[in-house]
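Lettered A, B, C, D and E in written order, each chain numbered from 1.
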């Protein structure tokens, strides 16, 4: 993790939701970085703050979300300190974004052409004709016939729309593309196609990706490194394979155990007991304590923080304060018997 | 174009219903127009004379169904009968003369309300919770909940009578003859200010609030966020991404609003002695000029249908999902 | 194996999708679909969105009426359950769990209402026993403490808890057949298994016949003994779950299984080999195999006629000319 | 503009409408312009009601009844020309009377049935032979428009003809300009009496409501109006002192009860003279005049309802005997009723008839006649003070007329005809043959003796006898309290002194000064005006 | 009841409610507030406001305040009565069309749409004129019978949306009869929309009644705000300068309208939380402003530092 090479560096990011009921810290002290060309995944169950992190990078939050602390360094510059003009220029040109569902991220009343042109012409000093020819190239890249530029979004199928969005994200050749659950609304077959396409494009253009999903299997398949979030905190960061094979945080383990396997013997899986944390009632100590099999006294009092427990493998869990062993199934069943 | 066809079919049906209502109403009512018209002089008239008058005014006797068909056939020939009060003027002539003024008054007032209301609505939504929103939005709603009659009387009283800043009657100064000259047009405009403003102010909330609410809902849509993420200017996101979509439901209410305004403008016309359909109807009602009343209701319905049709077309133009066979 | 409690034979279902004047256009949502449900077993139905999975369940739940074919409940045509009483009798045996835990509970009523209504409606319990029974059922589905939960409104529960209430309603009716339409697709990954496990328990303990609709093949394998793969209103392959998933015979099943995320491999490990065609809109006039447009083994025959059902084994069927 | 300033234009409001239609057909009742009669079509004679029906000869130079009173002869003026230059002659007059016989619609005065024949005798005498004797008929005959034969004989359908460029014998025949909001009608180039005419044009701005009229008047835009202006001293005169007004008395208006009321209790009360007198005594006539009439009206305490207009016909004996019942006297009314046996027997807070029947009635007034509604409300207030269950109801005019004609109502407030003599008032209001003809005789009280008295009036041309008849009529009605006289209305008339002089006024009471078209005297008025 | 609590918790709604309640109390308890009868002459005509007649008198010498208070009874009764009729009809038509769909819906929606394109006020005027001497009750009934279409359409749309909710399907599968589904499952979910429609209908009815009566189509002997306006205009109060007679009913109508409108605004916010501008938003704006300040200060100091020559 060399500081110099990082394209994006998020340091101690805190985001609050300011509501009538009180301030909710939806993202708490999150730090990670993404190297050029890297695919970094953020996983975690719904409401853990993944999208909130993603929105912070382009500063897209609107009320009640409020970035209260931290830095987002992009190529060494703090995005959070940008003026409105700087921000406008930064967005999309440096960092573009694919949203949760393609159905809703294209403007239904504008022709696709317009949605390409406006972004191209807003950032680059080109004529409309040039913008259109660029848009046609982009459509070619995602295997959509350029003639369809004059169509409206509703005339495309879900998968095609998602590819359109991807084409738009590529328009300015950004260095980073944030993908917030880009395929959740799609069928597995379409999902796979799109991810393959993205991967090809990444190889071709060399951008980095921040990839968000709660499908751990998919993430492991697609990402280089993965961060696992729980209740607004980053609880584990590690290379994809190692997080899958040897999770160091009980939550990561539980998440892994929530996906029944396609192969092998059928056995009863338990998932993670209890409910996700209500952010209005954050306990003292570890946030995962109420659902954790390994909870001990320390967890109730002392907050956790990310520590590099193995090479490139960071986790925030008191269980590892002494031992470094990954969680194993035997251990879990042992704990249960106690 | 199935959409348009469907609408046209509906309009025809609506029009027929209006025709039936129109036909039935006066026939359900007591008294007859000739007696009403003759008023105090009835004593001097012989039965023959009243009958003769009845004939001249075109009252058909005979079975109801026969009356109905003769009514329908004349309606479709554009013959709405003869006004009793303005005999021998035909209803069509009278309405034709007034039609343009009402079109102008309601059109200008509502269009203005639509444009200004929508813009203010967008601004209010964009700065939701700010001072602008928390003053303008409830205020416009309050204005909307106040009868046009109140504003009409108030404006008339303040600007027309007390301050005498603006003319408080007529469509143009009586001395002028209608012509296409700057003098005449500016005169018409001056005379239109108070009534148009009355129509405008009451309509404002009707467009502002829905626009604001639509827009607030829309601001949570992904494509708005995407617009912002694309680094487009605020204005562009606000108009091209927000307003373009938020305006759609408003277009529907535009056509509805016109319905209200046609009724409302009536009161305004009466208050400001504006020579539109409203004044005609009002006087026709006072004079119990049944033929004129009937024709009027029909024309007003046509008016509504026309505006609805315009709104449909506008909708089609604004929402591509309709044109291309989507379902919206 | 004992006789099926639900047996669907050759169901066809058309929906009117648009009408222009007198001209009606319809689509065929289900075409010649047959399956059986057995007590103590689950049938998973998988397929992409719009393939007709929910329609199958809705026909069995008598929310839609099939245009052709028949559904038998204990050998009786379900259309024979006519009139208020007979219909209630059928409904007390066949119940459904819906996809959306937020939408399937009425926000204005308490949990108590939701569980008590089926009890009252199907005369399962008298009024004074009601409270105890409701609480008993809520405990059964793991909603502890039951008396407290009963007083709550849906919005005061988490998604998983709500789905448990939905299952509790099924228990309250005492149905023998449970049709679960994507019961976990809107739930958090960490909670999904809890619900699946609860369904599994009910299936084995209460000897329920279950239909489990999902697009997640992995959970289908986890819960169901049998699986049916649907594509554009057709059941293209069905049979024993492991058999179908591990040895898919239909090109579509093969494509589907290969697309399932697999942490053991990388996404760039290969591309899906099939040529991407549009998913067709199936109408009563459409002909051939619905997958023909995307199938790499397509032949002229596939475009002309619907392949017949081929029994590969006693518990594995496929609808493909490759096997006939 | 300078041109307009040079010619003298008299601005008048002779009708209130929302738009002008160019229509000068004198036969149309509804929509001819109000400047058609008299100003375009000069009458034969103008009878001056204010001066005891004095005749001002116009197109005729004399008129007289034959001895049997069955023929009336008009001598036609020589040297009159139509405004297109054609000669006017007795033939045109004859033609005009033939016109009204042709089509009942043209017969706006309902004369066709009463005229036997019309003929020309000699050069210039038109003789009209009547079917029955009627000495009051000349008033009607002179209201028949005299039209040019050479024009109208070309018209196929006189009932729909709009006569946009009229040809007449009157002072203002030339339509100078015409829009829906304003028209100007200028002098007849061939007017026979041009030397008496000092005004060049009439200007008719379109005005729809009294409020608009008032606004224009305050600005000094109008010269001659006859509209209702509330609180005129404060609102108009103080704002524009060049305005004046004169409100001479006009017809009377009364409450009336239906002797044939469908409700037995009410009928019993209404047929009791004590009740009618008590009713009359509860009407606060002064309040009616002050409030409903803005002080313009005058109280009507003539027991017969004769009214100020016909003061010269008054029978003082009537007032001496029955006047006490026609003055506001609540206590007296209460006394009268309790003496007659009216008590609240059923304890509902309202009086019952001596036989114990329920009295409960509505006073009907036409919808929209707001001064009458106010009057009725004041009357009802008095009845309620008296303990009578009465209220006001405002049905549609048509409904009201039907109900009154068919005796399907209890009580009403109604106005009456005026005229040159009280004849028309008594004939339409009290002759039993009129009871089901219109709302005026709707008390449905039949008195054969009264009928014959009324009838005898038209059978004589002797004015002393006529006065005697009238006095007898008054006595019969007063003694019976057939009606409950309330007030006399007025002729509304305002004028602007600034641009013209010669206005009729209280100081110069030449004739009824009203500008409305049914007032032929306005021709005399316009001829009397001089530009300043 | 939740709904009521929410309503009371909203500032706009509370203000609106207070205004409306004020007028309700004023008119219901009119005899407590005014010793004068609204239909009796109690003074000289057109007296300007004084201690004795706090809002002056009319041409008829009646007390304006008494008329305002008593007139409120009828005007509000017509408003709420017609509003109730509108809402009952709208619920009937809207829910039936929305729930049953198909042909039923087609027929009922066509009826609604046709009602909507026939201009309201003119139709009402014609009806009122034809019926003649339209008493407030008659006016309320004809308003009710001709104004339901818009609300019905809104309710229909919402019913259709709710009908698609799975809890309705669940109730159907459970075997609940249609009437129970409509009344117990769907109707309670429509409360806020019905509330909004009802308030809207009340506003509309009050306005319409006043307008009709002002135009002279009502019963002039009734005491209502509309008739006050009618009498005012009949007696040229504006020109005479009897402003009190003009202002009093105008303000009353406008205030009640405003109060109801505020309540409606609040109902909208309650039904759609996204519309609420909560206190959190204020704090957010405050924080954002602070942050901007700090940032700018930081930049300035940075710029200054750079200017310092080394």
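Note that in this section a contact is a pair of C-beta atoms (placed from the backbone, for glycine too) under 8 Å apart; a residue touches a chain by one contact, two chains touch by 3 or more.
Please read these numbers as outputs of a predicted model, since none were measured by experiment.
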Between chain A and chain D, which partner chains are common? B, E
Where's the contact count highest, between which chains? B-E
Just the number, please: Cα centre separation of chain A and chain E in whole Å. 48
Would you kindly tell me how far, in whole Å, the mean C-alpha position of chain B lies from that of chain A? 54
List the centre-to-centre spacing of chain C and chain D in whole Å, with centres computed as mean CA coordinates. 89
Note: chain C residues in touch with at least two other chains are none
Multi-partner residues in chain D (2 or more other chains touched) are 215, 368, 396, 399
Multi-chain contact sites of chain B, meaning residues that touch two or more partners: 30, 129, 161, 286, 288
Taking the touch rule as given, give the residues of chain B at its contact with chain D in the complex, in rising order. 30-32, 35-46, 48-49, 51-53, 56, 83-89, 97-98, 160-161, 168-172, 174-175, 177-178, 273, 275, 279-280, 283, 286, 288
Per the contact definition, I'd like the list of chain B residues that touch chain A in the complex. 129, 219, 221-223, 225-233, 236, 240-241, 244-245, 248, 318-321, 324, 326
Which of the residues in chain E come into contact with chain C in the complex? 165-167, 169-177, 184-185, 188-189, 191
Give every residue of chain D touching chain E within the complex, in rising order. 210-211, 214-215, 229-231, 234-235, 287, 290-291, 367-368, 370, 373-374, 377-378, 381, 391-396, 399
Under the stated contact criterion, what part of chain D meets chain B in this complex? 17-19, 21, 23, 28-31, 103-105, 107, 109-110, 113, 159-162, 177, 179-182, 205-206, 208-209, 212, 215, 368, 396-399, 401-402, 428, 434, 437-438, 440
